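Heads up, the next two complexes both have subunit A, just with different partners, subunit B and then subunit C.
So, the complex of A and B:
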């Protein structure tokens, strides 16, 4: 049997990354659809989106550390926590990107068009009339899909390095006398 | 928590906390890029606002010297100073300078002379790789981004900015700041993780990617690898700084005295074949000489 101290963190990080990637993709599409169909896109819903986006983006690293530490019942160094966070974050970014660009299209949902529609509604509701400003904001949200996918994965990885470090520091506390 | 290594020496903060060096290197490349861009943009926008009373496209185009100042401040603070600070967490105080190779072992001056000759003779070969790079088909959006960068460069060179200021901003600042970051810090971290050869290759590739010029990725990466190789061979960062300065400075001087060079379409233009062959042969010869001279040189300090 594999000694518990040498158990790899990869499984935990991958499972958490996949679960969060899929969940966030579903929540994202549902929120966009509700916003576009109801027309109620204002400051409140934008704040909700920002909060949801941040929460989903940092949770994989934090929770992957929590489950890994709980499983091995040993404290981990924050450097290892960063590595666990990076793995979970990269998987989260890739899975979210895959769902956003491939899976939803199979169901006839164009997430890019949905996002643009949502933004147009936001401009209308916030009375942003300046066409230049609107064009600039729209162009900043569109662009090469490959590049934006790469950016999503990179940002998710980096954010989860930080949340992974935090996770290792927080969840290692009860096991500090037993460190790898 | 154990704070000593196997030889009984203290460990750096990153080592004590179990950070893999390659992870620090990759995260630091991205963070320092963001710092550099963020600081540079804020400084440039504030200066333009102070001078013009508003920030718009016209004000940006009319003040290329301010954009250069922003870029230089961004590099100095975001790349060099920030790297020098974060490197304190990777090395102990007594090994800090040798960790970053901020020292000049015996013979560095002579090797720096060789390095300068090397970077001069390699230019036609680099031109060939630049031409090769541009033969690859690229997405329209990347080509557009590239042409915007070239337009900005053209505006800079045509705007009558004093030569000393151009040399300082385009040759001195990047040579010092980028070398501290890439060859000083990032390559050393990659070396700890993956050994010397992979460190040279990876740090060169990251150097190429860092410039966000996809049509110049191959030549920039090769220059980065050459600078890395020279740094490893000499055990000092200074020859690479001088090489980088000569490379960038020569470009500034060439375009300053021959502005028609900006019009040359490098997609079609290639240097004469005899020059390319001459460059390859001389580069090979210099690399051989360099290797022979440095063969018995042992790097001191950081292990």
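So, the complex of A and C:
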């Protein structure tokens, strides 16, 4: 077996997962704080969060595959791409959850309360008036944090299995014969 | 047809396809919020599962049996599309291979449709509905799944 085939994907997946977990958490808190403090929560920030939420959730799997494939310069099987995505996604979920629930609290930032405040301000600015909205928002942030964190890690892992498969398909193309 | 069946029976196809099928099936099942079971704790668990990736606003979510699903209608469309695509792609493959080279194009068009649906509503050109969001999401999920299956099939050297 050639040495290049033995190169593990774990390093790449872990590094990408950690980078994205930390970056997402920092960008999230900074954006929420700017929005809440300025009071200017509106169209721009909705678009920003719509992109950020989905993109950050699936990018670790995609990019971990991209960097791994470019490192080994060989096409990766879709199944292995899924595994790379899963690893990157789980690490991303754990790091993000750790930052959200532990690190920011050291600085006195409650991300859950900040998000709630941000959302309510957003609806106020967009003139969306629903008496049940506040109750619904409050109930959505209740529940066990540990269990919620576990579920969030799981969903990050599963979504990145899919993005990992897509990533392996996209980034392996230059290195494989495209004919069936 | 026999040649296609031989490809589908290949373990190089079955293993990654099973991963796709299992993952999308699991996500799809949770995205429904288990409304047919009518068990509050299960629905709440499903809602917590997606809490970081979907806004879950009740007015943008289907509520069969008066129980809100765990995700909004667009997300539900995407997740169900992914699952349906994983199931149907091998069937499509048995009847023809022409689509294998166009899946990325389908995905691009579906993504643009979603952006158009979202943007048109946002700038006030039209008001999108639960069903318009469901259908555009469904197309995106379906095309994404077909893209992954086509990539698996392309990797099998016949």
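Convention: the second predicted complex is superposed on the first by the 166 of 180 C-alpha atoms of A that agree within 3 Å, B and C clash if a C-alpha of one lies under 4 Å from a C-alpha of the other, contacts with A are read in each partner's own complex, and residues count from 1 in each chain.
We take it that a residue touches a chain if its C-beta (ideal position, glycine included) is under 8 Å from a C-beta of that chain, and two chains touch if they have at least 3 such contacts.
Not measured: the values here are computed from a predicted model.
S.K.: After the alignment on subunit A, I want to confirm one thing: do subunit B and subunit C clash, or do they fit together?
M.R.: clash
S.K.: Looking at the overlay, what does A:148 touch: subunit B (first), subunit C (second), both, or neither?
M.R.: second
S.K.: Quick one: name whichever of subunit B and subunit C touches more residues of subunit A.
M.R.: Counted on subunit A, the partner with more touching residues turns out to be C.
S.K.: So, does A:57 touch the first partner subunit B, the second partner subunit C, both, or neither?
M.R.: So A:57 only meets subunit C here.
S.K.: After lining up the shared chain so the two structures overlap, which partner does A:111 touch, if you call subunit B first and subunit C second: first, second, both or neither?
M.R.: So A:111 meets neither subunit B nor subunit C here.
S.K.: Name the contact category of A:33: first (subunit B only), second (subunit C only), both, or neither.
M.R.: Touch status of A:33: no partner.
S.K.: Now for A:159: first (subunit B), second (subunit C), both, or neither, which partner does it touch?
M.R.: second
S.K.: Based on the superposed arrangement, let me know which partner A:79 touches: subunit B (first), subunit C (second), both, or neither?
M.R.: It touches subunit B and subunit C both.
S.K.: Can you give me the overlap between the subunit B contact set and the subunit C contact set on subunit A?
M.R.: On subunit A, the overlap between the subunit B and subunit C contacts is residues 77-79, 82, 143, 147, 154, 158, 161.
S.K.: Of all residues in subunit C, which touch subunit A in the complex?
M.R.: It comes out as residues 7, 12, 15-16, 19-20, 23-24, 26-27, 44-45, 47-53, 56-59, 82, 97, 100, 118, 122, 144, 147-148, 150-158.
S.K.: Quick one: in the complex, what on subunit A touches subunit B?
M.R.: Answer in residue numbers: 76-80, 82-83, 86, 143-144, 146-147, 154, 158, 161, 179.
S.K.: Note which residues of subunit A are touching subunit C in the complex, please.
M.R.: 43, 46-47, 50, 53-54, 57, 75, 77-79, 82, 130, 132, 136, 140, 143, 147-148, 151-152, 154-156, 158-159, 161-162, 165-166, 168-170, 172, 176-178, 180
S.K.: Subunit A touches which residues of subunit B in the complex?
M.R.: Residues 1, 14, 17-20, 23, 27, 30-31, 139, 141-142.
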